[in-house]
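In what comes next, subunit A is part of two complexes: it sits with subunit B in the first one and with subunit C in the second one.
Presenting the complex of A and B:
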């Protein structure tokens, strides 16, 4: 159906749920008026490894209003992992309080329920635990290297002959890049109101994938999935931290079952460091070989990270090195060390965000060695074929991203010699980086409900998708507006209820493509069924209201489903982009300021430039955070995080950011999916850190290979060999 | 669960719910929306109960605030250190018996159902809980409710007048000054109070000349960014927040800086 209207896809309309958010009416997990709810508070271990040998609840029990104190001694028996060291996923069970063993500092060891929040908080502090502490917890990254293991056969990849490729090179770069533990810190604390009512479970929770949360709950409690309902109408940011089910939800449900009342539990900001997931620390060793003319001959990307004692997760840092450039000889490896820390999991662009820092920094180092322009060096090594997957890209406009961005940014004004662009005490640098992000697409169902009211058709769309700030409500409404050809104010979108038709939820940059194609299918089914009933040709244009009238109907429902096509699986589907940064560094203090950035995004059909722009600048802000400040630090003796609030873990604030010009490339990737959409939520963060680090090199002649780049590190760093300042 | 469209759970949402089948909390939401008897049945024919939260919130407004509060169940709470306080919020006075340790933030959210004010850190570090007390922006998580007797508290729910959004709220929608929306009430309360701070000529960290401060300041972009840096937005909507503030503060209506590459640019880039 080839029509469009002012509120159809592609238009920069305001968010349809915007008025609810600005008026304080959007309801997040802990904001539903559930009667008789009581308050739960988790208690954390204060050792990194050992056993609980004594628990004294007497003082806590005396606190007025305390209803229940749960520890491993009286907790309900839950399902445990079927195997040792399972790979965790978005629907993995979340057993908790099952033994006296402690695996990391901050692990939940108890849960207090009381009439009020204040009572629960106070009583939680009065529960005394006695531990038999293991004196040798594994908490030091550098000292744990002998514990490194290869998590799976897929961890290693090679093509061609890496060593031969390096021997053929005229120039080589071999460097190590370090990225620290990071935490997502969505502004909404992970929270729940959980009710267990005669075996039926109703959970309001901040989850990115309600379906998978319901699977995790039913799996943990071993109850039928149809008895579990999860609602997440609004989610106050996720960034990966709300992909899986966290254990406060299980503890709240267990408590609700015991006391017969709904239990509200909110993870504190301090607990967000230990009881939600995190991005792991990565040590990435890069080797690049290139001919004098800039042709890449070899590339290796070897990553060492850590996982928990009980579970496996590793972000695929080397992914980007397998597919971004035309390099015949390629080696990618990944190793993990089990440590006494909580399980890491996906944080915005897992693999790409950190891997691109290493790759795109190393590429910049090579360009410097070759005395080549960094933009042209990347263009020279472009490929339209994914050498890793051995498939063509569905579309790849990386060269366009780089060149158009360079023009917009004024790249021609860049001085290639570091330290030569000055303004008073400021050293000015320009940096560039290329970006790629896998663009998955997953099976999605949607339901459309049409109601004829006074010659107008009011439409409701239902699906269990979520809007975590990404704009799902808006782009889904726009899709319905487009394909039903009605104005958006006649459309209501209902999301975030696991009773609605299933979707893959929000994560991994698959949301927009999956949701909208699902909705498109439902709308198309509705219209074609109504036409078929009256023998109307599909090509004939009939207004929706007339269609219902000719069917003598006042209401009609249809469902739809979309899933990847054969063409999708025969191609490699990625979004591409380029980042350009201008950074001013104070030559004496090492303080620096990101002055401006240009981002070019090639992400298929842009459904709504306003919300897409939000995704890009949001990614850039988090990418800037990787460079300027973000780092979770572990106390070396005890294994606790010494960064335990926003006072220690610094995320970017308004003054840290600068103007960002975003250019979208006009494309529709019809191989990717029917509507031509690709993911954009994680593209924005990818390689931002490298563009800023490269700009810092251009300004100062100092290569900063450890994130974050703090002023003291910058002052201490020496000049790169060959730099004359 | 198999991802089948004809799954059992999906079927549930096809049923037409009647008020008798609603849970207590769903009934409360409908009461708060002022929907009863026939209008309630009509409403329920249109929606499944799962999405009541969204519907309810779109019907809520400051006018039904009192009704919302009355409809909150009177919980027989056993209180420690009980204190009585009359909270004047958005021009409504509500007498409360509270725990002396209760923050204003928790009083608003847990006792008055004014959940527009958000808990982002409970430590005074993120700004999500910002409200306006006697004309000044304050962190409600660092304010004990018991100290608020006689004070004039305005929350994000109280900014609209007669159902019409405050200019700052409109500007945030127009400039997309948010994504997930969780920091938004705090950002907006901060912005509204900042308008007054600029009018009064209050200094900031980046004020260049502290000896020469005038009232009626037109804040520079750097000033706006500095003065809004107490409100963290993890989604990273800062640039749009600045644009929204500028429009209300100085009438500078600059839209965000996105564009599409032209066909000519595409051709040139490809052939370069």
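Presenting the complex of A and C:
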């Protein structure tokens, strides 16, 4: 039989759901035409710490169409945390409106439900809260240092003897790198339509993991999980902000239960600064010791961050420093300070995105001190063994990424002395950085439904996986096309419904590998069962339609499951990459342009080069955003974010973006999983910031250690000691 | 949003008559509607003036051109007469906001856009401009983007417009219709005001007055001009510092100059002393540098916006140099 796999795995086909999206037929959470739905609007606190001592709802109640105003006074009692300061996860409960205590500026203190969106918005503004304000909220990073604590025993790690390693070094670098609070800001505002109907819950919500959302809902309301159905058919970006259940979903459900109607709630862009996760500020102190020949002797990575008053989230910034280089003496620590801010949570390659900025900047500083080429310095310290996990890497093509990238980029044209490459008012610099990102793989189920219609088999794949703009629909369809050997136009993929077979959802770069191996298993099971029934050898190729006919079936269903193998657990599984950047800095104004970038990615089997390319350039844009302008600023006297919208929270615009070349190294990592897939979603952002900051140093001789690198910071920065311009 | 009434006016008399103390005229709405959503602007009535006839560009009796107040920023910046005669204005206008906003925003509205001070936007924080008497949150708060010239203890906000910086350099007169049906002319440099004790007043318009036209001075800077905008990203960002520079140069000597700065004061900041210094002098790097020092001499920055003094000096020199060398 001839395989028809122009639409199979590895082909750069267009998105299967693309047409639906451009036609406006792909339904996002708030777009489902649920009958009788009404609208809810959350109200935010306007103090950072204190108590509500009075609530006046009289003006709001008079607004036409207002159905319900919920505050802590009349809210349903929900399940609270079982312990003080729990570690929050993707399925953590989300209690809300449970007391008169205010823990941070912008915390939900009320929820207004009305017939229309406009009525709810207006009435929410009219509810008056009187506060007894605590005059000393903890909102200043620097002044909170005495509150720092070690979040868990696992927060600290060491191998060898760090101090000894530093004493053996010929050169040392010790520097502090700062990254600010950032917000995820997916284009789709977090939204829900929540219905409570005779104890059964149906929630349309923008969530990355529907399974965990349903667990969080049933846990918060203390109802059986089988009574909760969560649907997230299309999600307009997540970046970590939709991993866990946000509290607007709980408020909408609570309201639906009270008034007996479905309640739609959309978080506003402004509320997305305070109610849908964030990345916290990190202060990372790096120390590196190296021999004159570039051999690393010691590396430490100590991170100070903040968490909320009530919950713990620790971004593993030091992860990358444990495993990226062959360094015998290693120390990684993390400390957190409770602050009157919302709980931070996973954002855009948590750990790697920020950690790689610190590590790869420090590596560049060391290369400069050693007068060594930054590419050669990294290559020299490569390792095929993960010294932290004490396991071999399943595959690691970091050196190849660096070498091929250097070649494509024209790295040999780099001038090693800063300030020597000029063009008019521009100072030109080249920068490099290495990238690594953990590539998790999780147990996944999938169902395949075959229907024989006029000699053609139409296939439906069902799983509760999500497509958060990444291309899940497409790569799942390609996988089914590949393993059922039918054209893609006969395949329908149905995702994002918690009634479908469970998957780990989208996040942490585990989606593609987990989903596709699950689908592969379901397809393989379908074919092998149909063959077995008719005693057809597995090696014999029979077209799917013929298989059904020989079974005298017009329809057939099979499930499949994929999970990590023993080999997987005996290896350290990471994706790797390298970033090269050319940056032009204006010698006077502090403005700069990222002229071009080359990214080389080694991320296992590339399922669809088109969607994979989208993932990488999206990541690179976010990495550029970290450097150029992204930061959420806290008002020091009031504790609110003064960045309120996309007008003040600057993300890169098209004009900021460079010409980006992405090169995928051909690779199939069969240890990672059967299909050889590794994670790619977060690899793209990793270490981009460092490559640009390193290029700025190469251009100007100014070492920029605080992100973002804005014109005002560049203009005020002095030359690095030793730089002669 | 709070409820309000909306009236679309078809003639100026009706628009002027409808105006009450709690009304706002509605042009492009790109700033006003945002402020209404933020609960900062709370008009009871919007009088949509977009159907009025002030949407042409015509020659005026000063030897220049007159911009209709209701013409969009995009149409103005891309107009052939404006591009030929006032390339500085065109350049400044095209550096502002985004293509979408420029398509909607009107010229009259651009003159009236309000500050981007974060204290002005957050209704729970003090701001004398939004809530007179509540205090200035920025004075002892976050003021990295705030004024270094002409501020008061009541307000340290800046005017965010790019167009207005170019207008200050070029010179213009603003024509407004009064509610009694008569009109009056306001010199552009008197149109915006310093905050003093009344930061709630951005400009010298009286209640109900409607901007109908901007009369530009005779074109002088079509050979040597530059608008330099220093900002955090390449578009859709307000200026940290901007400089509008226009020069008329004869045999290497500056015969006429227009120089103004944005991002530094409550109004577009015309650099009068630097202009006077450069007039009649040779267009040399040394003179540009001295002019920049003169211009920034009176700056009184806060700790967080000290950078603006250095950045401002460099920006003036760069803008003048680019204008002189005609590097566009």
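The rule we apply is simple: the second predicted complex is superposed on the first by the 721 of 725 C-alpha atoms of A that agree within 3 Å, B and C clash if a C-alpha of one lies under 4 Å from a C-alpha of the other, contacts with A are read in each partner's own complex, and residues count from 1 in each chain.
Convention: a contact is a pair of C-beta atoms (placed from the backbone, for glycine too) under 8 Å apart; a residue touches a chain by one contact, two chains touch by 3 or more.
Quantities reported herein were computed from a predicted structural model and do not represent experimental measurements.
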Contacts of A:619 with subunit B and subunit C, given as first, second, both or neither: first
Partner chain in contact with A:642 - subunit B first, subunit C second, else both or neither: second
A:655 touches, of subunit B and subunit C: first, second, both or neither? both
Subunit B versus subunit C as contact partner of A:13, first or second or both or neither: neither
Touching partner for A:24 - first (subunit B), second (subunit C), both, neither: first
Partner chain(s) touched by A:501 [first = subunit B, second = subunit C, both, neither]: first
Touched partner set for A:118, first subunit B, second subunit C, both or neither: both
Comparison of subunit B and subunit C by subunit A residues contacted: B
First, second, both or neither for A:236, with subunit B first and subunit C second: first
Contact residues of subunit A, present in both the subunit B and the subunit C interface: 118, 122, 647, 652-653, 655-656
Subunit B contact footprint on subunit A (complex, rising order): 14-15, 17-28, 30-36, 63-65, 115-119, 122, 184-189, 211, 214-215, 225-226, 229, 231, 233-239, 266, 268-269, 399-400, 402-404, 407, 443, 445, 447, 451, 458, 460, 462, 468-471, 492, 494-495, 497-502, 557, 559, 561, 600, 606, 609-622, 645-647, 651-657, 659-666
In the complex, subunit A residues that touch subunit C: 46, 118, 121-122, 125, 270, 425, 588-591, 593, 628-629, 633, 635-638, 640, 642-644, 647-648, 650, 652-653, 655-656, 708, 710-712, 715-716
For the subunit C and subunit A complex, residues of the former touching the latter: 1-3, 38-39, 116, 118-119, 121-122, 124-125, 137, 140-142, 144, 228, 230-237, 240, 306-308, 310-311, 314-315, 317-318
Interfacial residue positions of subunit B with respect to subunit A in the complex: 1, 3, 5, 7-10, 12-14, 24-25, 28-29, 32, 46-48, 50-51, 53-54, 56-58, 60-61, 68, 71-73, 75, 77-80, 99, 101-102, 106, 109-110, 113-123, 125-126, 128, 155-157, 159-160, 165, 169-170, 172-174, 176, 178-185, 188, 222, 224-226, 228-242, 256-261, 263, 265-266, 268-270, 272
